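Read through the structures below before going on.
Two complexes, one shared chain (chain A), two partners (chain B, chain C).
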Partner chain A sequence: MNIGVVLRQVPDLIEPLEVDASGTALDLSAATFVVNETDDHALEQALLLKESGGGTVTVVALDFGEVDNTLYTAAAKGADRILKLAWDESQSPTPHRAAAALAEALRTLAPDLVLVGVQAHDELDGALAPLLAARLGWPYVGVIRGVKQAAEGGSVVVCKEFPGAVMARLVVRLPAVLGILGAEQPPRYVPVSRIRAAMKSTRFEEAAHAAGTGPAGIAVTHMAPPPAGARAEMIAGSDTEVAQRIVEILAQKGLLK
Partner chain B sequence: MSGSDILVLAEVHRGTLADITFELLAAARGLVGGSGGEVVALVLSENGAAFAPALGAADRILLVDHSALANYAPEPFLAALAEVVTARSPRAVLIGATSIGWDLAPLLAARLDAPLALGCKAISAEDSALAVTASFCGGKMVAELRIDRAPAVLMVLPGSFRAAEAAGKAQVEPCTLSASLEPAAIRFEEFLLPEAGDVDITQQDILVAVGRGIQQKENIELAEQLAQVLGGAVCASRPVVDQGWLPTTRQVGKSGMTVRPKLYLAFGISGAPEHQEGMKNSELIVAVNTDPRAPIFDIAHYGAQVDALELLPALVEAIGARKG
Partner chain C sequence: MIATQSRQGLELLEELSRTGDGKPPLGCMQCGLCAASCPLGDAMEFPPRKLILEAMARGLDRVLASPSLWMCVGCYTCSLRCPRDIELTDRLWPALRDRSMQAGFQPPAELQETFQNVLKYGNVLGKSPRQRLDWAKDLDVRVLDLSKEPRPVEVLWLVGCYPSYYPRNRVVTRAFARILTELGVSWGVLGAKEKAVGECDRMFGEEGLFETLVEENRKLLAQQDFERIVTLDPHAFRALQNFYPRYGVWYPVEHYTTFLAGRLEKLRALVVRPVEATVTYHDNCCVGRRAGCFEPPRALLQLIPGLKLVEMERNRENALCCGGGGGGMWLDGHIVAQGGKRLSDQRILQAAQTGADILAVSCPYELSRFEDAAKVAGLESRLKVRDIIELLAESMDLGERSDS
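Up next, the complex of A and B:
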């Protein structure tokens, strides 16, 4: 099975986020970027499928943020091909803009299956995975935790997650796009030495496709962080002082028995 | 149905109406206001008439009954939803940010070329437009959106609206569709239920919850020690379960369990909306996080901006000293 995986860059939530001068968008020039977490799971799931049933894994990404590091890491993990798409760094890769370019690239690659993270935390007016499916005209199902090759050829069996740790098992005929929430196992760790080796041995394929336009009829009028600590009474002090205060609170509430 | 109506997707999961349905009905009621529009609930199910009595908060209930809608698969649900929306032209379609909603809301918007807003926490009508407050970036950013094109597809975060009570008797209207609802490329096979045997975190009075801030699997032992001295159990946010450090039966949040313990101690959990959904009704929430802007502090009763890995052993020691 030949699998296409989309890897996106998203602002690292560990770092403070800032709004740009327009007041309606994130200031991406001030952001540190990391690979989108569920995309990382999509890559892991693709590698597991390749290892169990053969085929290839092709990673497709926009040339945005710290993407080279992400792509070398993907190569070190076992991706067979890396396709990097030209992108205007001044343009935020919103789902609608990105979907147009990524879908064209995937159409050319013609994989059997496309795996994409089910969501990215910076998505606001679109979700990339179903947008790709719509552009490709392929079926889509998301919130997937685990994909296996089906006994019947040309299909995969997926687990869709529901509340209460309940899964629904679905059979998906290929080609299809799946929105991955989690792989069957955590994304693999690769040592820095292997990433360095991949930096020397990996050649990115490069292509350019037109970006899409944003959806009509919707606009951001204001953006800001929510007020911090709106309700919590903050406990200050050393670890020991904080611990003592929490114990007092629990005792007052009758929670220490 | 008119262009002022608000359509709510009534979500049915394993034979039960999901709680989000009643929250969506409340949001819809606020939107129709004095516009003359109706709150319309759409039930896509097999034998969906059984749900009508519970949907009295709607003005009208549209029933699409079909054997292909007995269990969820995207294609028949999307085909039915798209046909109803196209035929009825509502001002907005409200869908919960659930496992099903994450499929149907963006797919519907793509099919109809309609505007879509994710993470909706508040919605109001302003003349010809809708004003939406949406949470994103894991709850660390809020955007105000203006939508001036119908139908707006709004994916609403669970817990954003107080559930509507069944007010009266809504008019029930069966729908006959022209679209084929037979599953095509995606076929439901079965539900897989969690294996029995693990701790049922929904039944615990005290939960010690760990998130990404716990850093590595070995550190969960610190939380286990605290849970032991408190007589509670350890649970986690999604990243910890994704790493395989705890089973899915210990996951709290949208795709995990919903808990309401007497005490919820959150260590190293930022408090993304998906996590808050599963624990915000806890009687007492104490949150520990090094990030002062962590959204968990917005719903916690008490908070401390310290390192969870340092505080956990200090708490075990302090509780031990208190108990003698």
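Up next, the complex of A and C:
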């Protein structure tokens, strides 16, 4: 089975996010980036499928947000091909825009299955995974916690949770797009020496696309950090004073006797 | 008798024989002193002796898959006691851990996170690099950030990860800044540019990560003009003194205990306030047992008026490790799950037996490890844990004191 995996870079929340001078977007120059967590699970799930049933894993990513290190890591983990799509670094790839470019590349690639993280914290105008499926005209199932090869070819069995503690196994006909919540095991650790080796040996296939920056799903008119509410009590003082105040509050709320 | 499948193990042992660290592991005579001395040997599937035997007789397959590979806390007791001078701690264990990861075995999850933090952020705690110098906010002495204002200094202070970020350690960090200033030393730090030195990553077997850090630190250090590096971290001292030179990165480096002990006479005039306390000192493994520096920290403590120094039964080269080295700082869960003990929990009892009021330490890991252990043992009201720097600063009447 040939599997396409979408990897996205999202702003790293370890640094405080800042709004740029326009007041409508993040200041990308002040941000650092990490791979989107559920996309990392999508890659792991793809590698597990390849290891159990053969095939190839092709990573597709937009050239945005320091993506190269993430791609080298993917190669070190076992991705066979890396496809990097041209992107204007100053434009956040919102889901509608990203879906246009990624769908174009994936249609050419024609994999049997596309795995993509079910969500990302910077998705302002819908989730990428179903938008991608809609553009490709393929079935979509989201919030997936495991994918197995089906007994008969041309389909996979996915594990999906529903409300009310119901767990379902669904047979999905291929080609399809799956929104991955979690792989069957945590994303693997790969030693840095392998990543360094991948940096020397891996060639990214770089591609332009006709989609440009694509259609925006929304127009942002104003972006600002949430205003600080007045209900929180910020406790100041030495460690001892802070601890005493916490004890007082807990006692007032009846949580301490 | 050596079986054919043992080739892989023999090849590794032979390869290690050529690296120049200690004597060849193939010279092991199976005396078992290493295993008998290992503070976690009773809980290991493969303590050092058995590990070498297994590698020679059957190869590496079982060794590389064994959880006991991730139980060594880098205390150096086996290496120092080995009658054949085999370098178990610094060479054999890291090499096996590396092989294990290369073979596709996953290191314990806690370690994976630490590795990733170091690779991504340059510090073990996964904190923002931009906040590395936050400890110096509102400090009453000037902290020269050499990455912004390069100039010749006597001392380039590599502050370290825990001392830069961890609130309890920051108290010590601030006190050391005051002491350096009081001594009239010209000093600076690398601020937000500073990176982990990587000793623990090397001991974990993450040689690639260590090499990455060496390259980054090589560039950073080459831009500066200083006489020596001083560090609060015995692990950083060990790596800078022993492993960086192998990559051509050589600078004079001192742990703060030897640096300050070299200025004893100047300090003598500055320690004005008595610290009326009975103190016992815990020798850290890298500067103590491995480098053999036992007296400088004691000389500093004995300088303090009113302070009475008492020794634990296990001291100097026989000191029991705190359990934090070689990755142990992140492996308490793994070690306990494998039937091992938290060594800090045992060590705190040994400190309490001396009747001391204060357990003095000189390694950034030890403050939190022993303060936690004191709480576990119900000793926290009786036995305080203090870095030597805190006691000196108190006696020198320099600013804030820790609450703990």
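Here is the rule we use: the second predicted complex is superposed on the first by the 214 of 257 C-alpha atoms of A that agree within 3 Å, B and C clash if a C-alpha of one lies under 4 Å from a C-alpha of the other, contacts with A are read in each partner's own complex, and residues count from 1 in each chain.
Note that a contact is a pair of C-beta atoms (placed from the backbone, for glycine too) under 8 Å apart; a residue touches a chain by one contact, two chains touch by 3 or more.
Please read these numbers as outputs of a predicted model, since none were measured by experiment.
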| task | Check whether A:34 is in contact with chain B, with chain C, with both or with neither, and answer first, second, both or neither. | result | second
| field | Partner chain in contact with A:231 - chain B first, chain C second, else both or neither | value | first
| Is the number of chain A residues in contact higher for chain B or for chain C? | B
| query | Does the superposition put A:255 against chain B (first), chain C (second), both, or neither? | reply | first
| query | Should A:15 be classified as contacting the first partner (chain B), the second (chain C), both, or neither? | reply | second
| query | Looking at the overlay, what does A:110 touch: chain B (first), chain C (second), both, or neither? | reply | neither
| message | For A:86 in the superposed arrangement: first (chain B), second (chain C), both or neither? | response | neither
| request: Name the contact category of A:139: first (chain B only), second (chain C only), both, or neither. | output: first
| After superposition on the shared chain, which partner residues are touched by A:186: those of chain B (first), chain C (second), both, or neither? | both
| Regarding the shared-chain residue A:194, is it in contact with chain B (first), chain C (second), both, or neither? | second
| note | Check: chain A residues flagged as touching chain B and also chain C 14, 186, 239-240
| chain A-touching residues of chain C, taken from the complex the two chains share | 98, 101-102, 106-107, 109, 112, 115-116, 119-121, 126-128, 130, 206-209, 211-212, 403
| message | Which stretch or stretches of chain A touch chain C in the complex? | response | 14-15, 34, 186, 188-189, 191-196, 238-240
| task | Flag every residue of chain A that touches chain B in the complex, lowest number first. | result | 11, 13-14, 16-17, 19, 24, 26, 37, 41, 118-119, 121-127, 129-131, 133-134, 139-143, 157, 159-173, 176, 179, 181-182, 185-186, 215-236, 239-240, 242-244, 246-247, 249-251, 253, 255-257
| task | Please give the residue numbers of chain B that touch chain A in the complex, ascending. | result | 13-14, 71-75, 98-99, 102-103, 105-107, 109-111, 113-119, 134-149, 152, 184-194, 206, 230-231, 238-239, 241-244, 248-249, 251, 254-258, 262-263, 270, 272, 284, 286-287, 291-293, 295, 297-307, 310-311, 314-315, 317-319, 322-323
